[in-house]
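For reference, the structure is listed below as structure tokens.
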Amino acid sequence: MWEFRSMSFWRAVFAEFYGTMFFVFFGLGAALRWTTGSHNVLHVAFCFGLAAATLIQSIGHISGGHINPAVTFAYLIGSQMSLFRAVFYIVAQCLGALAGAAVLYGVTPNNMRGNLALNMLQPGISLGMATTVEVFLTLQLVVCIFAVTDERRNGRLGSAALAIGFSVLIGHLLGLRLGVYWVGPMIGGAMGAIIYDFMLF
Amino acid sequence: MWEFRSMSFWRAVFAEFYGTMFFVFFGLGAALRWTTGSHNVLHVAFCFGLAAATLIQSIGHISGGHINPAVTFAYLIGSQMSLFRAVFYIVAQCLGALAGAAVLYGVTPNNMRGNLALNMLQPGISLGMATTVEVFLTLQLVVCIFAVTDERRNGRLGSAALAIGFSVLIGHLLGLRLGVYWVGPMIGGAMGAIIYDFMLF
Amino acid sequence: MWEFRSMSFWRAVFAEFYGTMFFVFFGLGAALRWTTGSHNVLHVAFCFGLAAATLIQSIGHISGGHINPAVTFAYLIGSQMSLFRAVFYIVAQCLGALAGAAVLYGVTPNNMRGNLALNMLQPGISLGMATTVEVFLTLQLVVCIFAVTDERRNGRLGSAALAIGFSVLIGHLLGLRLGVYWVGPMIGGAMGAIIYDFMLF
Amino acid sequence: MWEFRSMSFWRAVFAEFYGTMFFVFFGLGAALRWTTGSHNVLHVAFCFGLAAATLIQSIGHISGGHINPAVTFAYLIGSQMSLFRAVFYIVAQCLGALAGAAVLYGVTPNNMRGNLALNMLQPGISLGMATTVEVFLTLQLVVCIFAVTDERRNGRLGSAALAIGFSVLIGHLLGLRLGVYWVGPMIGGAMGAIIYDFMLF
């Protein structure tokens, strides 16, 4: 509980709030039909992926740059952070997501707000299928995050934030958004943490 | 005032002129319907973002690679540069932007010049909304720039210029151009400088 | 044969299984008409390329991150791995590809499964032409992999995984998928290994 | 003339041949309507830019990875290579470009070969305009190459090859191909070499 009294702990919590707010702002903003150009999956996926890369570059050295509750949960399962810190991170992430959506709602004209509804399942895709896909997408994301932030590793790695951003990007190229449902990403995050630790130790 | 007499100061001012000229040349050039292919937001955003990355790679070690008056203003607020230097940078940037637009105008056939008009607000978006969006976009850009150029930081960062370029890119994926209006970016830049310093110190 | 008894050998084989499973899952998944947006070659190429980059980041320090039998074959020709290890890698890759396709089949609604058929030749392209293209695409991929993982090299290299991912990406921008046919990639891989060794030694 | 007898000189010449062959193969191949998907400027620009990045990663440590006669000319003007070496590089690049085009011609079905014609000026764009654009595009490319390969520089640079590739990419996003005409790129290359040396010394 000593963390509670340190200033750097609260800065990290604020950084998670900041990161999630902007991630939701960019991600949902790109999914709106906000501009007149043609609009496709590639556009949305790039916006999600590069927003993740940019925000992790911005706050990664302060809080670790989780942005997503599933990632925080995976770090908890992988025994890389305390339960206390994880709870505060997840609360900050939820508040940040709300704030980002509120800002976006405020700056969107009425005639576009209809699209602000979150992702719905396409006809023919059952809930089980969607959850399985989310498990897989979160699993590869968490393995990628654990691999690029592994301190025992050396070699030509380049930018860790960019690698994680591209991992988010390919997840969205498959057409489903991470972090909206809770069950799939949590299972995927836990499995990812376990698989990565199994592969290395 | 000693800076005024050093050669490296004038080289930095020239580098800002050079960078802004090419940034405007590429950015506006991509927004023109210059080619026969399909033309979308992704195209324009990639051109702005990767032009920023390329130019910051080219001049970052000479002048810092601000390119944008809002970024120079943020450095000024963050007490990382002198007022004197900031004024010369902003003048050079404005002249560079004019030169870039003039070159582009010269090489564009008459039948395409109509599009050279700058960004107009879409119907339904008020001036307040647009300014708020610009504040947010500049804020995340400035926080990203401050984070990747922070000398106290270490770790797997990769290319700072590319990270900043992607930050510019996601700003343009939301469909508004930075640096055209003056009020929004300045407020965003100042807020970004303050937030980043608050998060770290 | 001592490798057979070490734990790290089996972890590397598992990592190859893991990497190929996700590579096939993402690559074929992106090629399905899974979403409602417009769908083009750029989308599929980015998904293949960035999936390769992400997976090589994830498993590169464990198994080398081959993912593709042609790459393993090239390493064998270039005398950089034992025959024993190569055989196990290729078996794991084939099982991984099957598993990835099975998972994708399971989560795809019936009305989309028709597209799961693999790449067919376009009318007018003979088998010889297609094989020649595959030889060339695999050749440049293998030369790129050998160059970026060459330990004698130093300098500003950035991320090796990203470089390999972009090499995969440009291969798919030409519109043919790697690793489906066996003859072309094998010849290309062997030629790449020989050309690279010739250029350097 | 001592270079003539060293093995590494001939390897570098071969590497330039190899690099230019694949650059032309990928660049022209992407510009063909080879696939059935939609086809746009972004596709071609990514193929050119990432092919440049991949090939410079592959041969940069052997020959420097010029690929383009204009770049070799700029190095010559910047006094960074001997005239003798430059002549051999340019000859190898021309032969490589021919070989790449020949391979592409061989593997392209008859009904698509019509597009293999090189870039023609769009109606309304005069030769002077096109040459000016080429001067500018080559200028920024050469300044970028000189900046990222400058050995006196340190800092967070990431991948030099990727930076150059993105510089090529934004040049093609403006819709004109580099290296086809000879006058514009040569002037631009020489100007870039002079400007960069002026900015630094």
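By written order: A, B, C and D. Residues from 1 in each chain.
The working rule: a contact is a pair of C-beta atoms (placed from the backbone, for glycine too) under 8 Å apart; a residue touches a chain by one contact, two chains touch by 3 or more.
Since this is a predicted model, take the numbers as computed values, not measurements.
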item: Angle of rotation relating subunit A to subunit C [CA atoms, steps of 5 degrees]; value: 90
item: Same-site or different-site touching of subunit B by its copy subunit D, using the half cut; value: different
item: Centre-of-Cα separation between subunit D and subunit B, whole angstrom; value: 27
item: Rounded Å distance, subunit A centre to subunit D centre (Cα mean); value: 38
item: Residues of subunit D touching at least two other chains; value: 38-40, 42, 148, 157-159, 162
item: Residue numbers on subunit B that touch subunit D, as the complex places them; value: 11, 14-15, 18, 22, 25-26, 29-30, 34-40, 42-43, 46-47, 50-51, 53-55, 57-62, 103, 106-112, 148, 157-162, 165
item: Interface residues, subunit D side, partner subunit B - complex; value: 38-42, 44-45, 122, 124-126, 129-130, 132-133, 136, 140, 143-144, 147-148, 150, 153, 155-159, 162-163, 166-167, 169-170, 173-175, 195, 199-200
